[in-house]
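The chains carry the letters A, B, C, D, E, F, G and H, assigned in the order they are written, with residues numbered from 1 in each.
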Amino acid sequence: MNNSRMNEVLNLVADGKMSAEEASSELTLITPAPDLDFATLDHSRSERIGFPEVVYGLSKTPKDTAEIAARIYDHSGVVLVTKSSEEAFELFNKQVPEAVWEEGPRAIWADRRDNPDLIPGVAVVAAGTSDLPVAREAVLTATLMGCEVNLITDVGVAGLHRLSSRADELGEARVVIVVAGMEGALPSVVGGLVKAPVIALPTSVGYGVSLGGVAALLAMMNSCAPGVSVVNIDNGFGAGYQAASIVGATWR
Amino acid sequence: MNNSRMNEVLNLVADGKMSAEEASSELTLITPAPDLDFATLDHSRSERIGFPEVVYGLSKTPKDTAEIAARIYDHSGVVLVTKSSEEAFELFNKQVPEAVWEEGPRAIWADRRDNPDLIPGVAVVAAGTSDLPVAREAVLTATLMGCEVNLITDVGVAGLHRLSSRADELGEARVVIVVAGMEGALPSVVGGLVKAPVIALPTSVGYGVSLGGVAALLAMMNSCAPGVSVVNIDNGFGAGYQAASIVGATWR
Amino acid sequence: MNNSRMNEVLNLVADGKMSAEEASSELTLITPAPDLDFATLDHSRSERIGFPEVVYGLSKTPKDTAEIAARIYDHSGVVLVTKSSEEAFELFNKQVPEAVWEEGPRAIWADRRDNPDLIPGVAVVAAGTSDLPVAREAVLTATLMGCEVNLITDVGVAGLHRLSSRADELGEARVVIVVAGMEGALPSVVGGLVKAPVIALPTSVGYGVSLGGVAALLAMMNSCAPGVSVVNIDNGFGAGYQAASIVGATWR
Amino acid sequence: MNNSRMNEVLNLVADGKMSAEEASSELTLITPAPDLDFATLDHSRSERIGFPEVVYGLSKTPKDTAEIAARIYDHSGVVLVTKSSEEAFELFNKQVPEAVWEEGPRAIWADRRDNPDLIPGVAVVAAGTSDLPVAREAVLTATLMGCEVNLITDVGVAGLHRLSSRADELGEARVVIVVAGMEGALPSVVGGLVKAPVIALPTSVGYGVSLGGVAALLAMMNSCAPGVSVVNIDNGFGAGYQAASIVGATWR
Amino acid sequence: MNNSRMNEVLNLVADGKMSAEEASSELTLITPAPDLDFATLDHSRSERIGFPEVVYGLSKTPKDTAEIAARIYDHSGVVLVTKSSEEAFELFNKQVPEAVWEEGPRAIWADRRDNPDLIPGVAVVAAGTSDLPVAREAVLTATLMGCEVNLITDVGVAGLHRLSSRADELGEARVVIVVAGMEGALPSVVGGLVKAPVIALPTSVGYGVSLGGVAALLAMMNSCAPGVSVVNIDNGFGAGYQAASIVGATWR
Amino acid sequence: MNNSRMNEVLNLVADGKMSAEEASSELTLITPAPDLDFATLDHSRSERIGFPEVVYGLSKTPKDTAEIAARIYDHSGVVLVTKSSEEAFELFNKQVPEAVWEEGPRAIWADRRDNPDLIPGVAVVAAGTSDLPVAREAVLTATLMGCEVNLITDVGVAGLHRLSSRADELGEARVVIVVAGMEGALPSVVGGLVKAPVIALPTSVGYGVSLGGVAALLAMMNSCAPGVSVVNIDNGFGAGYQAASIVGATWR
Amino acid sequence: MNNSRMNEVLNLVADGKMSAEEASSELTLITPAPDLDFATLDHSRSERIGFPEVVYGLSKTPKDTAEIAARIYDHSGVVLVTKSSEEAFELFNKQVPEAVWEEGPRAIWADRRDNPDLIPGVAVVAAGTSDLPVAREAVLTATLMGCEVNLITDVGVAGLHRLSSRADELGEARVVIVVAGMEGALPSVVGGLVKAPVIALPTSVGYGVSLGGVAALLAMMNSCAPGVSVVNIDNGFGAGYQAASIVGATWR
Amino acid sequence: MNNSRMNEVLNLVADGKMSAEEASSELTLITPAPDLDFATLDHSRSERIGFPEVVYGLSKTPKDTAEIAARIYDHSGVVLVTKSSEEAFELFNKQVPEAVWEEGPRAIWADRRDNPDLIPGVAVVAAGTSDLPVAREAVLTATLMGCEVNLITDVGVAGLHRLSSRADELGEARVVIVVAGMEGALPSVVGGLVKAPVIALPTSVGYGVSLGGVAALLAMMNSCAPGVSVVNIDNGFGAGYQAASIVGATWR
């Protein structure tokens, strides 16, 4: 968008040389151009979609990760870094002593906000203990967004009585995240038991033609139970975020 | 599960030969065994997950489709057949004159229930006119489940001003289904604009390495916008169902 | 293998010019060479692996199919043609009036043998009605091989109570074939319920990233339940054949 | 974007209650909202990227195709429909007698504009006669955009002398589109001969592990010659469009 | 399932306020809910499918592996950990001095049960020496389940006389596991020689387009010999387990 | 290459204004430029690689196919069209009454040359009758190139005695083409029996995860027998051509 | 090509025994044969396609890389090594003290040429900071080829206002390289905003079904915006080279 | 095969109780059973296919590799280990001081046989220096089998004059191995230049969608030049072996 033209138009309106209607017509034809500094950008994001930028740690140097995290924390009072490294945590921890390192999901977080009342309704169901690190990324994300999360573990499809014994809890959830690797069958089973929407979260647990989680993802995509949607393999953050937004939680 | 053992246990309790506590302990150890007829099964489903069985028409003969649809309609007062054939519709239509054929999504439906108040909050956004048949399957599903759906079309990423002019409407949605084929970029853009959860619905529109919609599905799975989950290619029913369940709608 | 050399050796032995031991040593070094005519070949097969050649109909002309089937039937008193065409059946039916056409699996068969006692122990479990044609190919194969087959249908994972009500029957099986398309989750659930070996039989039922049954096949390959092995997509014949061989059935 | 807020702001400026600077700051923070009718949209596109909307015919009904094409032609004086059907052409032809049907690429076009001077510099090189339909889609696109196109055919890598005899012509091109199926080797060879950028255009010509053109596309993506970029399989339109934009041509 | 409702129902029956028949009808409609502790769960599994939980070592920490293994061993008198690490073995070995580490398949096991009579009939055939670690995982599994296993090695298809010299042994088997990497052809050859069911076990031996064992798995899936089913790449445990269940072995 | 510059150089040499050495230096720096007409091109090909251009029929119209075939036949006295249509044959047959249509491989050929002595040494081995059409394309190609071909059929790996009975014939071949679909195991077995090079020719026979012949192709690529190379799926022409070139045959 | 025959022909012409026309006819029939030494080869390349050979570092030893780089630098005064190692740089740096190591793209370069006027018109747009190393390889390549490059970063599709604020700069570009990983949506958005050709450059940033950049590449291939072509994943060099050649830049 | 039955038959013949004809008939019906020791097995292989067993080093421990190599060398006087490790070489070297380690292809070899006259006719052409290690595995294999090999390097398709200058040498070859990674185009170009059969040898050189050599392999499979067959990625041994067998070389 042509910022100078926008300014020109606004000056014409200010000078009475162009009507508000004419200006409106013209401005809608051009693309907007907010030339924002870094901090402004974060504000805008919070306002638009209710969540400060989360730091994706996988392809960043520890130094960059720590620096970006510190700026966000400084501004928002809360920060989450996913798929990070312990080295990045140590750098960040020097600046933010209250920071926490979660070994399972390899996540860094810190939160100095007042604790609001938590919003209930998010359940996270994990098929096996190997799926726990991914499940915990989902739990952490939804919790930081203000949700009370019920984590139910070790309820794989090869022993369904373990799942059915938790049916009451599942029935109370307003959204259920189902975490599974290998054949990825659990979301179909849960989807057949509950009225709430199910977010299927495939993990890379498995070997051979599990293809790093692709087999689980495909199975979930083809679920014969309605009301199941799927996020990327090991994307606990994405599942947790969507679950939180379904129950109406936002970062602030 | 051993039905005869369950009956035995219940008789023992009735006869006072076994306490309720002992019976409870034993019954929880065995898998349940409802030997239901067809109609009972539907009731159970409605109670469990809030939606009578939807008929998946793709691999059924027209005659089977029409018969199954008639039985469900007879029982529930509402029926939806997805990915069906006109021939199946004609057979069904002879029995149910009020039945409707939707050419785009190739769906059959009928609904003789009283119209309840519709639940607002579902928006469906389609990238191009070629994506409309799939979008309409989503709209139809959510509508039959009791939702008021706002359909926004022809707002592809190569002309974003068309999308931004609808931003107000998007902002009001409690869940947004985003339908796109080819590069599947639209859910990322919408996900960056709204607070509501986004259900990405890839379509098979495209050729060459669109791979029948796989390219779009993969793009959606890797969305850099949080709060995006994905359903199978052309699965308008699944997206509509999940959207309805997110806003709290059930079949009845 | 050098047939002439074998004859030479045998003549040397017959003539007393070579000892049986020397002949044995030499003959074991060369590969055997049965120059059999067509009928002999079938005998050999029946003796080796217990089943006359089954005709794979998919890439044969109707005329070739009918002719080959007639020769096998003439010789064995029983014949099975899988994945055939109605046209091939009609040609074959002219020669063999007692021949049967099974519409679902598109199979031709005829059997003029005395009915032996059937061997019990084979159960076939199908997830949905769309999976029935493939399930029936398995049932037909095992039945022709002399098994009594228990077919259990419409017990998909999204409504598990339907499955558990049949648990008694499953518990009596010595081998269970589990037929499913879409997400292919059912074998894992059944594998967790029974002691018998489970043969998972994926079907091409589904669309989008079901990838013509590949998603179901991958899920079954990654089953978290032990004792599950898998055959090719829609290969009801292979599953039925293996199940029959597990309970000790052979063609005759 | 919030249109009503934009109007509010403009009225505040018109009324002197807000300065142009303040208005500029606020307006840059919100997303624009042109609520355009169909015709306006086309104008906007021509202005933004220099080409009216081209109609992608593959997933549209003949009736829709003809109608959309007629509206664009009416407004722009030129229209191109790619991957269409003869039926769509016949419907369009009734309204636009000067319309042309190109059998090879299955394209519809019409152009009533004055002929401007053509811009030289685009060469299209096709490996075999089977690649010609795709090559012609590229030629047609670039020609309608105002380019003079030199088409060189039947110069596959298995007989390179055929290519080298056209080296002079290639040397004069400012951009070369190279069209090939099967092993897709030709762009590498051409890329080693010319200074101009090479657009590689894979075709679906081939069988077996040509995988519908994927083998050619992959080969082109891995070209050892620099200056080669690739478009989708059979995407003659995309290649022609980019070539035209490289030599500076726009639709008008 | 609603446990409290079950208790309510049972109390109603105990109090004579509900008949056993009515209770049976209601209870079959709800899913069971055994709230079992860890040890109980193991018992249940042994009873249901005849094998205590085997520990999958690949995605567990050495500490977790050793702890879980110790609890199972303590309870069952036998334990098997597959795809583990030497570090996990050392931790486990401190608690269980009689534990064994198998370098090839990287398995941990211990067995303090009385030796029952072994069940004969399982043969394991390995194509090459590189396939031995996977073959040994199958042998170990079946042996711990009470089978006498005949291991036949180095009989690849490129030298078939090696295989035919073992034909007598193969003929005696009631089930044959065939282990092969690379082109995975051996199961087809063995399937043509024996009446017993064949479990094909692909290995990741190979390079290039062996694709980590996928080529072998696909070949086995497409075997022209009937009676062949397939398990996941390198899944010696699964093959051994199924073979044992075919000959009727269970853990105890 | 710059033809005019070449002519200039040659004139300078003819005029004694440039030495042969200088000319040689310059000419080697530029790419050659034979501007040949169609007939000349064929001559050049015959001289370079010993075979006139074979017509690939799959993506040509019947009319184009017939015309191109007629021109080649007119010039060379022999022509082969692969993967063609009966319609193309009929058009060609009107011009060339001696033309032959081979239904299996869908090939057109004609040959009016004197019959030379055939070169022995090519064997073609086909696994099943379904593989015969592809095998016959190989036989036809090698025969037209002047080879005497020994076709051995129906010797699949699931009944190896059928193969070993033909071992003498295989031992006499100087090159063996092995044709197989499904699991593609036969080339490995043959490669272990003969000294001659083996050309593996995968076919698209199969279903499910045969993936249109990809499974067979992958298996052949991973053959544990040395001396095996592979051509594209169903590429009987390529295999026959290479076999003929190995025994030293050329078109003339 | 037959060098000796070329010399023979040239001598015949020099000796007046063959006319220039006859010689021309014959020379066009044979393939050229420049037997060049290493340095000559580079010259030839510069003349033909305007760029000295760039060293691809990925599969070379540090020693070989440094040596080859030194020879090119010695001859051309400029050298670029892509995807190299710091070890290779250190070896090269000993010989060429002015050499530079770029950590991000892992590139080595040196340039002792006089600085010419830079050619404007190349813009490089990167979606996220993780894409910067690849973007910088593109910038470096185009810069060394004589272009002035405008790098615009951190303008991903999930926050489009960041992109639109740079619209003026994009509008001035004659070619735009768009760098993105994950869902690869940015090129479609930019392609809808600018008239210039867009080169889409996918990166391997992502996890799960980003498949190492394949998801981004596929999305870009299917862009609904015209004028977009694509290079290999992480191929910053190729994108930079093509962009430079589009604006008319050559190495010298 | 039933060895005891064979002995029985032979004794019957020796005793005159069965005629040679009857014995021949029976023996052809059973599979042979050479129960050979290790050394005998090698002899058999040499006789059958002309090459002692080559050791595939990739999935063997250094100790096993060295031991097996030593036994073969001891027996045959020549040994080749492919894709091995330096550690294995060092162990082998202690026993066989004349052993050689080839760093490029990571091969071990030793040869104490008298040098026979080498068989000419094998050419190996490598596209780039990165392809040399694989090319050298091919050269080494063919050389050890008794061939004189002509290695031509650095003649990639992006600079074809380098290839054409070697055309004389190529024309003299009786078989040409063409080694290339990336786009794998070179075999098509060479196949268009020579009469000899071409063995295409794809390498894993490349990145991104080279997919570890799959792109090159696919391109070679789809070569438009006839007479091209393909071996596995990086399989220099297989290509060298087949080339040697084409020119009639055997190990001895």
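Convention: a contact is a pair of C-beta atoms (placed from the backbone, for glycine too) under 8 Å apart; a residue touches a chain by one contact, two chains touch by 3 or more.
Source: prediction; values computed, not measured.
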Pair with more cross-chain C-beta pairs in contact, given D-G and A-E: D-G
For chain E paired with chain H, centre-to-centre distance based on mean C-alpha positions, whole Å: 38
Rounded Å distance, chain B centre to chain G centre (Cα mean): 49
Shared interface positions of chain G, touching two or more other chains: 1, 3, 28-29, 31-36, 44, 159-161, 165, 191-193, 208-210, 214, 217, 221-222, 225, 232
All touching chain pairs, where touch follows the definition stated at the start: A-B, A-C, A-D, A-E, A-G, B-C, B-D, B-E, B-G, C-E, C-F, C-H, D-F, D-G, D-H, E-F, E-H, F-G, F-H, G-H
Chain F-facing residues of chain C, complex: 1-4, 31-36, 41, 44-45, 48, 56, 58-60, 64, 83, 202, 204, 212-214, 217, 232-235
Chain H partner contacts - residues on chain F that touch it in the complex: 28-29, 31-32, 48-51, 54, 160-161, 165, 175, 191-199, 217, 221-222, 225-232, 237-239, 241-242, 245-246, 250
Touch list for chain A against partner chain C, complex: 127-128, 156-160, 182-185, 188-189, 191-193, 206, 208-211, 214-216, 218-225
Residues of chain D touching chain A in the complex: 1, 3, 6-7, 10-11, 13-14, 16, 19-21, 23-24, 27-36, 44
Residues of chain D touching chain F in the complex: 129-130, 159, 161-162, 164-168, 193, 205, 207-210
